[in-house]
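Chain lettering (A, B, C and D) follows the sequence in which the chains are written, and residue indices restart at 1 in each chain.
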């Protein structure tokens, strides 16, 4: 159990009336309890909260008039991830996958798993367990990609990244997801906050379905996995923009923070699989 | 109201134990009532039905041993589409879209709407209503693509089709969906049966969210839209294979049929929008 | 006949020894006579001139040591383009094309003509003459692309541009070339200087082989075609970087200029085809 | 020195008058001397031979009327490749490459070397000599691609093949070429005949410029490199179709053969580099 203080502040200049959707509030779940939370807008606006997609997801929608516009979100979260010995995770053949995880085997906009099957099986097909296979994938991604801000853009896909061998957190996650799906492992994209991420920003990572639950993985190694706080879950980053808008606006500032209060020894190694449920 | 007899028969040769998922049963909904239905397998197999994705979806899962394997599905469906005067469909600005339709604005594996925005707005931006805009899109797709079996494959995307100007029903649907999403209109892929489709096969078409419901469209003009019976709904064809399998099998035969009993004058023109709910 | 003063100045910072190839000197040809020319480097360097590719091409090669490095090129060119009435240009069927122009029918790195054939024939197949067909292509490119600096990069191809509908001069040329080749018209990329180009920069345009010579075209309409001075000719921009280098250097400044001395009425319209030979 | 008997027979059905270009005659060079040669057409046709591209290239052009059409080519070639100890090939830094080989550093339609640079340097950057680097590339291609007829098509590129990990000789050559160019080694595509190729067909391989000459390589290992007879050389397969035509025709039969007379022990190993000049 740890307590994480997190939040973000975004500043926009709105030229013409703009319809915004923000997805910055943390997901409510058993392993991730919101102790305290505040969301404020300046100028004050008429906000509607909606639930969409995965249980616990919240989005905030509002129509903003021209001028400067600020959003400030902060939360105190009790994070209580499950730590499961990786060795205890049994295999889960295709015929026994729960129906609700099947869509996460399908290729998606930024994760063209259908184009990477031969590579995936040749490279990772020998791992002895499914958990080992995921570690082999994320180790491979870590070792073969350069973390290079600016090297990719919003339409960059897993295949692009596989070719160019560089990207940012979103790209590392997309390629890992595509490779897992190519191997028959359901995998999904997670957007969230990450304690001690340098430089501070929203983070993108992945969850893979093993045995009977979703487990967290991150090929970037930029922050401890059990310090992640989830905002939302989707097929890939196409489902999880922190801000979507229709109109004419531009973002001028973005601050994101996440820190843990109290000190907790991080002794997590790859023999433990971590789940936020 | 019409009564549609439909079904399919698939024959596989299974080399090694194979885990199959079939999505061939029609979707249960208010406008599409299943009067009678049968699903049989030869040799008899232990089948599990599961519900997945959209309400009314059913998939059938089974583990098949080596040898010949047949599936036979038939159903009698009362189809009662809603016919709504297109002129009565009001606009639905982004800020007022129901939260549950928002994911169908996102780009997906085979519908890269994010790469077609400039073209879409320049070409279709002048339509006076949203319904007209969808008709302009599907007319454009009909007029600019050749229907050419064999010209595309399982990894062909809307952008590929936009370049090469040929494809089959799935490709016509993907490009129409991508263009609608690029225009801010939620759009989804529908797999189903189609009365009087020549040659008989499964069919792929699209639904677009207008005013307050999903309406059927089809850029191929190969069969009457109000003779469609839906199997399932998804982001694109990646979500809707009639058969998915893991193992080693090959399909040897595929028969699909759909016909209407009684005769019903089809007077539908583009002034009426058609919904199956 | 006109006299054009042109040149460029490039400033690099060289981190480690770098092997440079510059292609900035104008091409020597009958229609484009070099009256005066100077090329200087600071610090002074041991430069080798080489002839490569098309007759008249010159490249300059040198090995540069760490530090600041300047190149200054200036030339006075008598430009004497041939003005041919378009109506006099006869057809040139495939069987009668000179062997040496055949390679310019092949697709190239940035001009994937093989993927645009159906579109090209459907859209431009009705033109009555080959010259009209090229004008139809360049008019189409002008009317359907936005000129948008920053919207494309060094690996952007004609197909990318066809999808995204924006680009810079190089992209306008690549798409025009790809469409001409798809129509069976030999087309090549030309890099050069352009009188009155705003903002001043190197320019990229195209030449198409009609009847018995290569004629200049430009889909950007940013500068008068008969004020172009050619540096070089190639399959596409891959063959014509103004600077190529192996080592570790960065360009800090780039100035390009081209102006005509004396005033010459420009009355050129599309009924005249212009050739620099 | 060996004597190779080779040839091909192609049968077309011509629907409408068709302009054909054949490139099936072997290249004339010092190391590859044509002892005897015959080229015949049925029905007899008015053929024009032209020289295009590389010295020694010959193409044959003819206009064919509707009906059946046959081409028969056969040649006896004295092949006398140079065998150079790989260890004797010195390095050739960028600044010292002959100007005429520089275009073979540029990316081309099917060899997008510009997209594979990071991978190439990370994977092959440690080789001690340039010859070793090329062997590392062709070994890698051999070990990571499956030779799978039907897995690729005419528009498949090196990047496609790098993703999908399968292809035919042309694809093996394209990927090898792209990787060599990414490493700063001039590389070109070669079409030709290959002794003992199974099944018999035209073959595609590559040449890389090392020290002061072009050397043969082949990542498929389907036939002995010193049994290759070159037809032509180009940027990639876009430059080297054995048959190009404009009109309406279809190929019905294709026979290709190449065999060596006399027996010559093949003891070639990778310590010898082989050149046809």
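Following the convention adopted for this analysis, contacts are C-beta pairs under 8 Å (C-beta built on N, C-alpha and C of every residue); 3 or more make two chains touch, one makes a residue touch a chain.
The shown structure was predicted, so the numbers you read here are calculated from the model rather than taken from an experiment.
Chains making contact with chain B as well as with chain C: none in this assembly.
Homomeric contact chain A/chain D: same residue numbering on both sides for over half of the interface positions.
Per-chain Cα centroids separate chain C from chain D by 30 Å. Put simply, the C-alpha centre of chain A and that of chain D have 47 angstrom between them.
Put simply, the C-alpha centre of chain A and that of chain C have 45 angstrom between them.
Chain contacts: chain C has residues 115 touching two or more partner chains. Partner chain D is touched in their complex by these residues of chain A: 115-116, 118-119, 122, 144, 146, 159, 162-166. Residues 19, 21, 50-53, 59, 61-63, 93-95, 99-100, 102-103, 106-109, 111-112, 114-115, 154-155, 184, 235, 238-239, 246 of chain A are the ones that touch chain B when the two sit in their complex.
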